[in-house]
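Common to both upcoming complexes is chain A, partnered first by chain B, then by chain C.
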Partner chain A sequence: MSRFIARRLLLLPFVALGVTALIFSLTQLLTPAMRASLYITDPRQLNGLPDIIRKYHLDQPVYVQYWEWLRQVAHGDLGWSETAREPVLAAVQGFFPATFELAAYSFACILALGIWLGTASAVRKDQIIDHISRFTSISGASLPTFVWGLVLLMIFYGHFGWFPPGRLGLDADLFVRSGRFHPYTGLLTVDALLNRQWWLLWDAARHLVLPVATLTYFLTATLVRITRSSMLETLRADYVRTAEAKGLPRAVVVDRHARRNALIPVITLASLLFVGLLSGVVITETVFNWPGIGRWGVAASQQLDIPAVTGFALIFAAMLVLGNLCADVLYAVVDPRIRLR
Partner chain B sequence: MSAVRTPTLTAPGAAPARRGQQTAWQRTLRRFRRNPLSVLGLCIVVFFTAVALIAPLLAHPTERNAYMIPHQGYSSDPHPPGPEHPFGTTEEQFDLYYGVIWGTRSAFLVALTVVAFGLVVALTLGSLSGYYGGWVDEVVMRVTDIFLAFPPLILAVVIVAVLGQSVRNAMIAIAAVQWPTYTRLLRAEFLRVRDMDFVEAARALGVSDFLIIMRHVVPNTIYPMLILASLDMGGIVINFAALSFLGLGAPPGYADWGQLISLSKNWILGTAGDPFQFWYTLVVPGTAIFLFVLGWNLLGDAFRDIFDPRQQGSM
Partner chain C sequence: MAYLGGDDAERRHAEGRSRRAESRQRAVGVVVQRGLVVAVAMLVAVLMYGTGARGAASESVRNPDSLVLLTYGDPESLDPAYAYDTTSDGVIWPGIYETLITYDGSVLSRYVPRLATAVPSVANGLISKDGLTYTFPIRQGVHFHDGTVMTPADVRYSMLRFMLQDRDGGPSWLLLTPLLGTDSTRDSKGNVVVKYADAAKAVTVEGQNVVFHLNHPYAAFLSILSAWSFVLPEKWAAAHGDWDGSAASWTKYNNPKLQDRYEFDHTNGTGPFMLQTWDRQTKELILVRNDHYWRAPAKLARVVIRTVSEFPARQLELQRGDADVIAVDRPDQTKVTGIAGVTVQDGYPTLVIQVMHFNQKIDSTANPDVGSGKLDGNGIPPDFFSDVHVRRGFAYAFDYNTFIRDAFRGKALQPNGPIIQGLLGYDASLPKFTFDKQKAIAEFKEAWGGKLWDTGFHFTETYNTGNAARQIGAQIIKDVVESLNPKFKVDIRNIQFSSFLQVTVEHKGTLYALGWAADYPDPDDFAQPFLASNGDYPKRNGFSDPRADQLVKQGAETADPAKRAQIYRELTKIAYDDVPGIYEAQATQFVVMRSWVHGWYYNAILPPLANVGFDFYTITKQ
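The block that comes next holds the complex of A and B.
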């Protein structure tokens, strides 16, 4: 078990090296003058451009440049983001809680809804709930996130006025920025709880509803499908029939015997879920004007804010790699057969 | 329609060769017809193919570049559907009907280009990697690992940011995130086939590696790839539309569904008395992309149901 995890951890530095190499080679498509913008924090510095190019070795061979860049990144210096008007690392730290809050709530909803619907439609195969869940999952996989998000906004914000876009209303935003609110975690719902500001909690939750609903609808589809087919296979297994023959209630057979085993293949496909979640977060944040890393990265990409784009790519790669690592470890914990390999 | 027909030749569990190709083909057709959703998917795909083919007849191009949507004036407010504009106009008076019709063409153009590129790269790298193994395999697989360490959309965004935004660069970006999946799948197929008896026999007869790969291995591995590609058509179009929506793909006025949806962003609110006043700016292009992707997804599901041996036993 620990050997399995150790091997996975040993691979991490190599993946990190490869990821940085790929990002770096992409920036090599730009001219040295454009790459020099990494180090410019003030338009007045533009006059000294040749000096900057020389100072940061941008006219040197590629491997020298890569090494210099890697050294800076290792020191946490990712350059200056013009879009956020602060250093890239500070921007990432500032935007991360918003993205994490959105992703975490969505992930919880996806897991709960996906597994419940998947199980229900496998147990009641070809009945109403199965048809509904299959229709939902097929349409959810075909409707692009941004179309669904805009439709939700049109109905629930435009028509009903219930769930506004953004992360906070104006009053709440002013209050959060004032000294009376202590940001413990950066997650507004948690902070509001800790500060005992119930109206703020209500406001933050109201803003979370639509983006979370968008991500959930779009990603539950995959999970329902996997859970359903895995569950169908498990329900045919001999030990399930044995359990039923012993006279156990149907609910116990389904919940304790079948579903636990049926969820093992679901963990292997968690990677698919992370990929969808991270891509979906970027689009959802743009649709709902959610001040997270995704919206910032997209804005930076439109404005050739290369330092921000590299930071954005690195943080998302890191999140995906770490997410997959967690899934692998969880898989090994859950399924002893994996540990023995 | 070769994608529908040819896989029957190698599909596991398909009719043995002695019973003839016709029988296998008929069995596939029967399986296919039994599921109304598969038939629906096929109908949708055929419909969109027809629209793409006769786009110039349905919407006569007036601009020099037929993919640019004609517009009269620059008045920003969208106009509802009427006799002159059957689907209405969106921001800056771009005609939605024209955009949807020619958007079908650009959707096919993007999806087919990306799939073709992915298949060529996968065939080259996957065959080298799967057939020869060793260090070639190791290098190719580690490179795909690195590409797969990024969520595809994020890598595509970064590539477009560096290359500059245009339709061509968005296609390059999507192809760049698509090839690793294809390559890995094809490599796995090559590994499966390369140790089979008929390949061994060809090798014993002294057939060169190149001919073995081209004549014996590729024909036996390409069909799963084609199924994957058909499953992917919708996903590629969604990704391209997403790039356009994020302002990193097609420029404003280009006949692309994602771009039209992006133009509707400012019009989801309507006016005080009529909250759904501008519904058509979102619903028209949104429906187009939804149906297109739905059609391909249903068709892809049908292929998987027919050719996946594990599913066959249960049917």
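The block that comes next holds the complex of A and C.
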């Protein structure tokens, strides 16, 4: 398997190359002057627009332009974001931890709830749990995120005052900025743990509840349906019937024989779901005033902040590739029949 | 048999294993289920406890030493010589930077000393009889936030820096005009034309006094200095790469871009609050109390200004008491009325006008809002709005009453030009445009030699993100204009405020919504930026009328109020004839805050941060 992973990792730059080529081709729909903004790392350069067009050969053939662009990216220079008022790379580094934290917790909840509910729904087909599961799936998939988010916000913050929007309360925010708090990872819950600030951990967790709940409700639906159908199919398989015929308890048959095999399509979905989560938190971040990459992405798109949007797309494309790699590796872990070579 | 027997034994053994496994599984299941029940019970208990605490807290003042203000605009720059948008100005003044004199609370016609020790007047001899020399005795013992002592030399440096930095679309004209008789340090080609010696002579230090030598008598000069004479330390600025005050180097620091200046995101004023953080990712500013302030320290320990673009989140934070003041647009006013513990104070007359601007010289380079850039039905040419019939067509196509009803809940006036009610020279009897589709059609049919009606047009109008009133205005234009002719297409795009300003300064706006808040309460502050060809908006929009230029100049220099009033009436007529913009509304304003906020007073000149301006120094929470 290690050879497979190494080979896939070696392929990564080439896949990324293809993705960037695609992104770059799309930018060709813009005028040379618009594309020149990719090379502007400081607003002072705006006056020298014609010089930048010449310098970076923006009036040259596409392959020449692509090479120039790649050289810039290779130097870690993704341009200047007017929206963030800082270089794109710095903005990504700043915004990413908040989004990652939100996505990671949501992903854990989606996975746990989705697989459990999907399995229970298949095992107890047409029983009450199945009906609840299907209703939840349909309503979760059909209710817009912003509506669900606002409803949750109004009930659990507006009415009960339990889970506020934003990432931290005022006291916690001031403490984090006081110099007495060391931001090791940028993930506030993890940093609070490492700093042994339990009250801050509690505050950060309270702020996570509603956006995580919104994303979980919205995205669990697909996972539940896939898990359910996959489980139903597996439960009808000969080897499952053999296991039952041998007299094995239902729980053992379900847990060890059926679910493990039924998880294969779920893994494909789940690994892509995580990447999707990272890019799909746009609305959730906006509704809950979460200072993440999604909210920035919305602002950047609205303002035609081309360098920000390009950098944004490039980073998520790379993450998609890594997500797929994770899925391939997990196949082999879950299904012993699959050998990665 | 042995084989069978062995099989039997194996089966029994297997059954035994599976029973044990089943029993283990059940035991684990029971433990897990019980664990879950306990965990859920604990969570509920904790949450209920938390709610109890919250419930109790909501009755008392939340965060008693901090004022939390939620708005939807983010500042462009904290440099007092660069900042020229209300959010930036509202952050830095009067909290961080102070002026020589200022307005007496809510009263705009009366001044009180601040960094000066007296308000100049002819009577006290600090204004010369010819009205050309203003002397300000500078207060001693005032410290900047870095602990250094303020000197008259710092005051002089700050005034010169304010004038000579002179960035495109910035506030420098406010001092350049009365002191040097020009509104810019550069000519139309961008070449520096002002001489340092002239500027140096205009502001001098005489002992503990700073003396201003005016180019011409200017009635509004004290009013200008009351809001635009911020002081920062010369040595601190020079030590951080800014101008060192020398004659030889000033041009190097002329017309900087946003981040050229260290003061873009660092401050060092004399005010009651100091900048602690400007986090551009969380869009949050934190000001902390200056305990060494020359007056008694402020009551509040800190002020938190946060950008929350979604109204529901702002509303809920106010409702829960986590925010003390929030920005609310008129259409949303009913949503905050009647909330327990929240006060809505309404009816404050503003010196603010909402205008849709026509850019008559659009820069179509890399401009996504002009479509094809030609008059072919798929775009507009750069000079599309230079035809007065186009402008009149749009002015007649704007439904003023609907806009005022929907965007301001009826609480606004339709102005007849940039000289709004409350200013000298305002005359309600002067003509103004009315909503009239037939007249709009007639004007459009005449536009571009009759060609426009057949070809049609397609462009994008813009407004700043989060401003519901401007969004409504933009939508009204789109709906009405598109209903006149199927070949007329108008799209709408919203842009974050700071970037939006940049777009308009770079002449890339088409038809865009942008208001004007008074810099100082004088008609000159509206006539100059709206109608003088070197004014803020005419420069952005390529508008020019020599008659207007002459009248604006006369109005600024004339001392007699009656003569001035007549001049501004003439200018209002010119605005009606030339239609440089659609004068949509002059609003009255309201403020939404928690009832525990005290000490706020209304001043129409303080830059609005959350509907209105704030002097944080006087505010307490109790």
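We take it that the second predicted complex is superposed on the first by the 306 of 341 C-alpha atoms of A that agree within 3 Å, B and C clash if a C-alpha of one lies under 4 Å from a C-alpha of the other, contacts with A are read in each partner's own complex, and residues count from 1 in each chain.
Simple rule for what comes next: contacts are C-beta pairs under 8 Å (C-beta built on N, C-alpha and C of every residue); 3 or more make two chains touch, one makes a residue touch a chain.
Remember, it's a predicted structure, so these values are computed and weren't measured experimentally.
**Q** Since both structures carry chain A, what do chain B and chain C do when superposed there: clash or fit?
**A** Once chain A is superposed (C-alpha atoms), there is a clash between chain B and chain C.
**Q** Give one of first, second, both or neither to describe whether A:Thr286 is in contact with chain B, with chain C, with both, or with none.
**A** both
**Q** One more residue to check, A:Val15. First (chain B), second (chain C), both or neither?
**A** First partner only, chain B.
**Q** What is the contact status of A:Cys326 with respect to chain B (first) and chain C (second): first, second, both, or neither?
**A** The answer is neither, since A:Cys326 touches no partner chain.
**Q** Please work out whether A:Ala6 is in contact with chain B alone, chain C alone, both, or neither, and reply first, second, both or neither.
**A** neither
**Q** With both complexes overlaid on chain A, does A:Ala84 touch chain B (first), chain C (second), both or neither?
**A** After superposing on A, A:Ala84 lies in contact with chain C but is clear of chain B.
**Q** Tell me the contact category for A:Gly94 with respect to chain B and chain C: first, second, both or neither.
**A** Only chain C is touched by A:Gly94; chain B is not.
**Q** Which of the two partners, first being chain B and second being chain C, lies in contact with A:Met154: first, second, both, or neither?
**A** Touch partners of A:Met154: chain B and chain C.
**Q** Between chain B (first) and chain C (second), which, if any, makes contact with A:Leu170: first, second, both or neither?
**A** A:Leu170: touches chain C, not chain B.
**Q** State the stretch of chain C that overlaps chain B in the combined model; pick it from 6-14, 168-176, 186-194 or 402-410.
**A** The overlap with chain B comes from chain C residues 402-410.
**Q** So which positions on chain A get touched by both chain B and chain C?
**A** Touching chain B and chain C on chain A: residues 30, 150, 153-154, 157-158, 286, 302, 304.
**Q** List the residues on chain B that touch chain A in their complex, please.
**A** My answer: residues 37, 142-143, 145-147, 149-155, 157-163, 165, 234, 238, 241-242, 245-248, 258, 261, 264-265, 268-270, 275-276, 279, 282, 286, 289-290, 293-294, 297-298, 301, 314.
**Q** Which residues of chain A touch chain C in their complex?
**A** 30-31, 33-34, 36-37, 42-44, 46, 49, 82-86, 91, 94-95, 150, 153-154, 157-158, 160-162, 164-165, 167, 169-171, 173-174, 177, 206, 246-249, 251-252, 286-289, 291, 296, 299, 302-305
**Q** Which residues, counting only chain C, touch chain A once they are in their complex?
**A** For this pair, the touching residues of chain C are 14-15, 18, 21-22, 25, 29, 47, 50-51, 54-55, 58, 63, 66, 68, 257-260, 276-277, 279-284, 286, 302, 304, 308-310, 312-313, 316-317, 319-320, 322, 365-366, 368, 465, 493-496, 498-499, 502, 506.
**Q** Please name which positions on chain A make contact with chain B in the complex.
**A** 14-15, 18-19, 21-23, 26-27, 29-30, 138-139, 141-147, 150-151, 153-154, 157-159, 232, 274-275, 278-279, 282-283, 286, 297-298, 300-302, 304, 306, 309-310, 312-313, 316-317, 320-321
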